[in-house]
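The two complexes that follow have subunit A in common; it is paired with subunit B in the first and with subunit C in the second.
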Partner chain A sequence: MATTHHKLIILGGGPAGLTAGLYAARARMDHLLIEKGAEGGQVLLTDWVDNYPGFPEGISGFDLAEKMLAHAKRFELNSMFANVLSMNISQKPIQLELEDGNSLTCDSLIICTGAHPRPLDIPGEKELTGKGVSYCATCDAPFYRNQHVAVVGGGNTAVQEASHLTKFADKVTLIHRRDELRATKILQEKAFANSKIEFIWDSTVTAINGQDGVEELELLNKNGDTSTLQVDGIFVLVGVLPNNEMLPLTELKADTGGFIPTDIETRTAVDGVMAAGDIRSKEVRQIINAAGEGATAVLAAENYLTNLN
Partner chain B sequence: MATTHHKLIILGGGPAGLTAGLYAARARMDHLLIEKGAEGGQVLLTDWVDNYPGFPEGISGFDLAEKMLAHAKRFELNSMFANVLSMNISQKPIQLELEDGNSLTCDSLIICTGAHPRPLDIPGEKELTGKGVSYCATCDAPFYRNQHVAVVGGGNTAVQEASHLTKFADKVTLIHRRDELRATKILQEKAFANSKIEFIWDSTVTAINGQDGVEELELLNKNGDTSTLQVDGIFVLVGVLPNNEMLPLTELKADTGGFIPTDIETRTAVDGVMAAGDIRSKEVRQIINAAGEGATAVLAAENYLTNLN
Partner chain C sequence: MSDKVKEVSDADFESIIASDTPCLVDFWAPWCGPCKAIGPVVEALADEYDGKATIVKMNVDDNPTTPGQFGIRAIPTLILFKSGEKVDQVTGAVGKAQLIELIEKAL
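Take a look at the complex of A and B:
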C-alpha cells in the first residue's frame, strides 16, 4: 500500500477546510486537502445563508460552497476524496490511515472535520431539513417573521434561542421531553416571562409532516397521549455532535463533548496540529468564524513548519 | 451635552466591526456602531482582495467594504460617524466621550478599532499605496510573479515574507537600516540560503518614485551615499501599530505592542468588553479572521447581556 507525504494536510472541506486550502494553496505550501463526501460541509445543508458577510442579499448554501471551492481551486488547491479511519499524531511525521488501505503522512495537520446537529431521527426530519426544519436559530430566525415555530430541547441553546425567536415569530412553542428545563435559571426566567413562548412538557416529537414545508408535528406525551401541533417551522436544538471518529481524542485533550480545545491561534495540545471550525471546543459555530479560523490555522502551520528545520 | 444608552456599542467599522454590526442587527440587539472615517477600515486601502473566501475572482477592497456595509444595513444596522476620545470601562454602564462633547453609554462593548501598518513616511509612499506599495505580503505576493520587489524591514515578518515572496518574484531585495537582521536565526538562515534574495544593509528608503506604479526607490546609506534601485513593488514590513489612542490600555491589560489580549471567545480582561479584528493581540491579521471574530464577539456579548439581568 502506498504512502504519500505532504508538509500540510487539511482534514475536511467545509468553510474552515476550504479557507485553509485557499490560504495554503495561495502560499504555495506543499499541501493536501482531504474531504470524505462533498466540499462545503454543513453549508450544503443550509438552504439560504444570510449572514456570511459580503453577500448582502444572502446566498444559497450550495452556491457559497461552490464559490469557496472554486476560489481555492483557482490557486491550485490540491485535494482528494478519501475517508480517514485513524491517525497517529504522537510521532512525526503524522500518519493517517485511509479506508482504501493507503496511508498519508504529513509534518503538520489542520483538523477541520466539523460537527453535526444531533438529529431527532424521526420521519419527515431529513426530507424537510432546510424547508422548515432548522438546526440553527441564529441562521434562520429572521425567516419566521410573524409565524409560529416550535423549538425542541431544554438546554441553554434551546431556551435562549426560543427567546431569540420571539423577536421574529408571533409564537414559539418549546417542546421538552421532561417536566423542567436544563437551562440556567436566568434563561428559564426570561423564557417563562415571555408571553410569546408556550411550553409543552413531557413530550417528544414523533414525526414532522408537510409537503413543501413544515406544516404539522406529531407529539407523544409520556403518559401515552398523542396529539398534533400546527407550526411553520421547527428548530431542533438538542445538541451538536463533533465529527471526531478518526481523531485521537486523548492526545488532543478533547473536552467532555468530544470537541478539540485550542489556543487563539488554533493550536491544539499536540505540536504541529491545529483545529479550525466547528470541531473546535468553542461557543460560537458560524460559517464566518470557521472560515476565519481556517486562515489562522494555515499561518500557525506555516510558523510551525518554518521553525521545524 | 446629551448621553444616549445602548446595550451594545461596536467601536470601529472595518470587517470585524461590520460583521459584528451584521450579527447584532440581525439578532435585533439594541446596538450602535461607531465609525470615525469611512466604513471598511484598512480594506479600503487594499486595491484588490484575493483571499476573502467566496469571491473566486477576487474583489476590490472598495467593493468588499461596500458589500459588507450594505449587508449589515439590510438588517437595519444602527451606525453613526463619531470620534471617540476616551472611555471609562471600569464601571457599568461603560461610558464613551465623543469629540463633539456628547457621551454614549453601553452595557457591553466590542472594540474593533483595528491597526495600521507603520509607514515609512517618505515621499511617494501614500500616493503609490495599492499601486506597488504594499504592507501585506500574504495579500499581495501573487501579483508579483516574475518581478523584482523590495522588502523593507529586518524583523521576523520582513524576513519571512521576503522568503515567501521568492515563490512568486524573480528577485527580492531586502533593505534594512542596520547591518544585521532582528529576525530569529532560522528565518535568517533560510533567507541567506535563498539565491533569489539580495540584501542592502545600513540603508533606508528615502523616496518611492513612479507614475502609475512603483518604478524606483531612492536609498540612503548611513555613510551618506545615495543610490537608486529599480523595482516593481515594495513591501513595507516595519511593524503594525494598534489604533488604541482612545482605549484604557492598563485595564485591558494591553500587550507591549498596545494590542488587546482576549480568550478564544474574544473576551478581554474586562467583563462585558470584547475585542475583535486587528486590535486583538494575535499573530494573524487577515480580513476573513477579523470578520469571524466580529461574529464571535456579538455572541459573547449576547451571552454577557443575558446573564446581566
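Take a look at the complex of A and C:
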C-alpha cells in the first residue's frame, strides 16, 4: 500500500477546511485537503445563510459551500476524497491511515472534521429515523407538505428551521426544554410572528411512537406532567457532537464533550497540529468563525513549518 | 453526482429492480446537501461493485410515485433490492463501510 507525503494536510472540507485550503493554496504550500463526502460540511444542511458578510441578500447553504470550493479551486486547491480511520500524531511525520488501506504523511495537520447533529437518544428515535425522524429540515421539509411536524430545540438552528418548515407543513410545534429561546433575536421575532408555529415550553420528548412512521411523541413537562402529541414528523435540532472518531483524543487533550481545545492561534496540545471550525472546543459555532479559524490555522502551520527548517 | 451512476425514473424502476442482481437505489434531490455529500461514495461503490451489483439513483423531485410507495420521508435514503424485493435500507449520509455492509446483505 502506498504512502504519500505533504507538508500540510487539511482534514475536512467544511468552511474551516475550505478556507484553510484557500490560504494554503495561495501561499503555494505543498498541501492536501481530505474530505470524505462532498465539500461544504454542515453548511449543506442549512437552508439559508443570512449572517455571512458579503452576501447582503443572504445565500443558500448549498450555494455558499459551492462558492467556497470554487474560490479555493481557483488557486489550485489540491484535494481528494478519502475516509481517515486513524492517525499517529505522536511522531513526525504525522501518519494518517485511510479506509482504502493507503497512508498519508505530513509535517503539519489542520483538523477541521466538524460536527454532526446530536440525537435525543430516546426510544423510537433510531427505529424511525428516515421514517419521520429527521436531523435536516432543508433535506426533508418537502416531504411534509400540509402535515404537522415537531421541532425539538431552542437554538438558532431549531428556530430558523422551524420557520423554514412552515413553507411546507401546515403546523409546526416547537418543543423546548426551557421557557425561552436561545436563538438570536431576529430569528425569534420571525418565529413568534409566524401563525403556523406553536410552542410547547419547559418540555422534553421522552419517546417517539409509530409503526411504519412517526405518529406520536411522548412529552414530559418540567413540573412532572406527561402528555402526548400527534405529529407526522419530528426534526431533532438540539446541538452538535464532534466528528472525532479518527482523532487521538487523549494526546489532543479533548474536552469532556470530545471537542479539541486550542490556543488563540488554533494550535492544539500537539506540536504542528492545529484545529479549526466546529471541532474546536468553543462557545460559538458559526460559519464566519470557522472560516476565520481556517485562515488562522494555515498561518500557524506556516510558522511551524518555517521554524522546522 | 457524475454519470457513472445511472438515473432511473418511476417508469423504468420496476424493471431495473426485478433482476436477481442486487440493486441499490439512491433516492436524492438537487436541493439536498447530504445527498451531494454521499454522491462520491456511491460513485466509488458503483465502480467497485461493477458486474456484481447495480447502483442507480432516483431524483425524488421528478419521480413522486416510487418514493411514496416506499414511504421515503428523508433523503438521502438508499434501498437495496433483489429480485424485485426490498432487502434493507439506510438513511442519511452514512459512510462507505455502512453502504458496503448493506450491499453485502444481498450478495
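By our rule, the second predicted complex is superposed on the first by the 189 of 309 C-alpha atoms of A that agree within 3 Å, B and C clash if a C-alpha of one lies under 4 Å from a C-alpha of the other, contacts with A are read in each partner's own complex, and residues count from 1 in each chain.
The criterion applied here is as follows: a residue touches a chain if its C-beta (ideal position, glycine included) is under 8 Å from a C-beta of that chain, and two chains touch if they have at least 3 such contacts.
Bear in mind the structure is a predicted one, so any value in this text is a computation, not a measurement.
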item	value
Subunit B versus subunit C as contact partner of A:Asp278, first or second or both or neither	neither
First (subunit B), second (subunit C), both or neither touched by A:Asp107	neither
First (subunit B), second (subunit C), both or neither touched by A:Thr138	both
Subunit C versus subunit B, contacts on subunit A by residue	B
Partner chain in contact with A:Glu161 - subunit B first, subunit C second, else both or neither	neither
Partner chain in contact with A:Glu293 - subunit B first, subunit C second, else both or neither	first
First (subunit B), second (subunit C), both or neither touched by A:Gly233	second
Contact residues common to both interfaces of subunit A (with subunit B and with subunit C)	138, 142
List of subunit B residues in touch with subunit A within their complex	15, 18-19, 22-23, 26-28, 50-57, 59, 64, 67-68, 70-75, 138, 142, 160, 164, 167-168, 184, 186-187, 190, 262-265, 280, 282-284, 286, 288-296, 299-300, 303, 306-307
Touching residues (chain side subunit A, partner subunit C) in the complex	36-38, 40, 43-46, 61-62, 65, 81, 83, 99, 129-136, 138-140, 142-144, 212-213, 233
Contact footprint of subunit A on subunit C as seen in their complex	29, 31-41, 44, 71-77, 89-93, 95-97
